[in-house]
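You will see chain A twice below: alongside chain B first, and alongside chain C after that.
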Partner chain A sequence: MSQAGRTDAELVRRCRGNDADAWNELVERYSRYVYAIAVRGFRLSEEDAEDVFQDVFTRVYTRLDSLRDDTALRPWIAQLTRRRCLDALSARRDVPADEELTKEGSSDLSDVEEAFEVREALAGLSEACQDILDRFFTRDQSYKTIADELEIPSGTIASRIARCLGRLRGELEGRNQDDEGSRD
Partner chain B sequence: MTRLYDEERLGVLLRILRPAPVGWVRAAQELPAARRTFDEIVARAEADLAFRTALIADLEQALAAEGYEPDRRLLHEIRERLSDS
Partner chain C sequence: MAGDYLELQLGDFLDRLSADGLAPGGGSAAALTVAFSARLVAMVARSTLAWEEAAGVAAQANAIGERAVELADTDGRVWEDALTALRDAEAGADDDPRRDFALEQKLEAAAAAPLEIASLGADAAALAALAGEHGDATYRADAAAAAALAAGGASAAAHLVRVNLGVRSADPRLARALASEQAAHDVAARLLESHR
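Up next is the complex of A and B:
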């Protein structure tokens, strides 16, 4: 589940060398992001979202050599995804693509960017914290399911989640301070 | 600008990046193999007139006869390539 490990630039370099593990990791790292842009940012149907999803990764795979800055993988994927979502919307509704994105959608896209940063920070936590937060918040598992699957008392789930959220907040604040420090 | 995160906001943001359907992720991860299949079929179609004619006549049947099992997207791409060339 962790996003830590190889940097985007290293993943890109390895993918160009036909490293299958690196490609799997790249898809794993960005699958939620592409999915969220399509279904949350642009409100695409599942059918359109699937087409966009596969098309984006096909383009990433076949055009990786055209990426000029290996560290810019995320903005490149975001741009490819947004463009394909607009194409899908205009094909469906016969409406000019650039008129499709409402203020609400734009705000959702900005939330997706922020969510990606939170997910990156999540990777800095222990595997146990990553797992419990992912189960509760993104897989909608109940306390009981989490307790049963992880074999821990259900009465401790809420406090574990709160503790992990506290650590996540610390991780994010640490990153913010690092960012501000680097700008000084 | 320093962002402040309370538990509620963190929960909202965590919920945004839900897992994409497993089948979609798997299909994307299998792209390299699918591309190799595509390249192989296109190369054969360019080199073998009988194979190319069979593909144009009935793409799915011709591929199945040769042991290929391409998915819907790959079939679409092969069709497009054949009509371009």
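Up next is the complex of A and C:
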């Protein structure tokens, strides 16, 4: 199974077994997420974000056994990160940290969460779907360019993208249902 | 002065468009025409409940619309740069290779934005074709209108590519712009004909 296809629960089980590769994979999978919450969500400086990053993964390493639901790794890491970011803000300024979170910051935080969820859901799609969505939405390629490079009829590109988006929505809805189930 | 069009009310943008000065000009107007087209397609798709791909088409249309609005801004900026360089060149000495090279670079940059706008026009028209085929009957006239707008935007943009590249007919960028224009017009002609 590819790294992208391994579930968080499987990853957690392997980390609990002291599998060094699994730990590396966990850090690789969540490093950008933690960093994005710190920088985009809480507007921390790079230096503070680096401190948060180190602290969060140290806590994940030492407290993984306290995670009650192996499928809830991401919300747990998000919670650890948010708390550590608030600590960092409090330490830097003489104002209550909660008041530092503006509506804009909260919105950015929500964007980070959403972007990460989409990225995870994308990994559940076929390579063909991942490729065509990446070309259109990330690389801003035109239908003509996509058709030429993939050697498929230009008139079918928009429909293919629409179908892949439908599958992506299915993946996301499945994940959200899983998340709600894991909170019960 | 170019820039920050995204921050303007539509009326303010139109006032700027009609004011004297360099930008916004034809490229920005063409880009916004394509944006109108794309957003109309999104409206048709969202209004059609019994179309499985509707949400995916609306998402693509909105993405194209956003890119077109960004290009309205970009086009104004690069065209203003190019025109300033052109006027400097006209006022300067006759033979200055470095200045001529810099001017050529700016004109090429000024051609790149309308080339993208023409391409987005073709893509918006392709989505309008889908909306015209699968959209709710109540909204198919809007799909045809979207295709007509896309074709108009693509034509205007292709014309600006031709002008900014200095009428070098063999340039592959001009061929791409003209192909985009043709693709958008084919869709528009088909959809408009179906409503006669």
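Here is the rule we go by: the second predicted complex is superposed on the first by the 118 of 184 C-alpha atoms of A that agree within 3 Å, B and C clash if a C-alpha of one lies under 4 Å from a C-alpha of the other, contacts with A are read in each partner's own complex, and residues count from 1 in each chain.
In the analysis below, contacts are C-beta pairs under 8 Å (C-beta built on N, C-alpha and C of every residue); 3 or more make two chains touch, one makes a residue touch a chain.
Just so you know, these numbers come straight off a predicted model, no measurement behind them.
For A:116, decide between first (touching chain B), second (touching chain C), both and neither.
Only chain B; A:116 stays clear of chain C.
Going by the contact rule set out at the top, does A:144 touch chain B (first), chain C (second), both, or neither?
The answer is second: A:144 touches chain C but not chain B.
Of the two partners chain B and chain C, indicate the one touching more residues belonging to chain A.
Greater contact footprint in residues on chain A: B.
On the A-aligned overlay, A:155 touches which partner chain: chain B = first, chain C = second, or both, or neither?
Touch partner of A:155: chain C, not chain B.
With both complexes overlaid on chain A, does A:165 touch chain B (first), chain C (second), both or neither?
In the superposed model, A:165 contacts both chain B and chain C.
Going by the contact rule set out at the top, does A:58 touch chain B (first), chain C (second), both, or neither?
first
Considering only the contact definition stated at the top, list the common interface residues of chain A for chain B and chain C.
Common to the two interfaces on chain A: residues 137, 162, 165, 169.
In the complex, go through chain C and note every residue touching chain A.
Residues 52-53, 55-57, 59-60, 63, 67, 119-120, 122-123, 126-127, 130, 179-180, 183 of chain C touch chain A in their complex.
Name, in rising order, each residue of chain B that touches chain A in their complex.
Residues 2-3, 5-7, 10-21, 24-25, 27-29, 31-32, 35, 73.
Quick check on the complex: what are the chain A residues that touch chain C?
136-137, 140, 142-144, 154-155, 157-159, 161-166, 169
Residue numbers of chain A touching chain B in their complex, please.
Its residues touching chain B are 18, 20, 23-24, 27-28, 31-36, 40, 50, 53-54, 57-58, 61-62, 111-112, 114-116, 118-119, 122, 133-134, 137-139, 162, 165, 168-169, 172-173, 176-177, 180.
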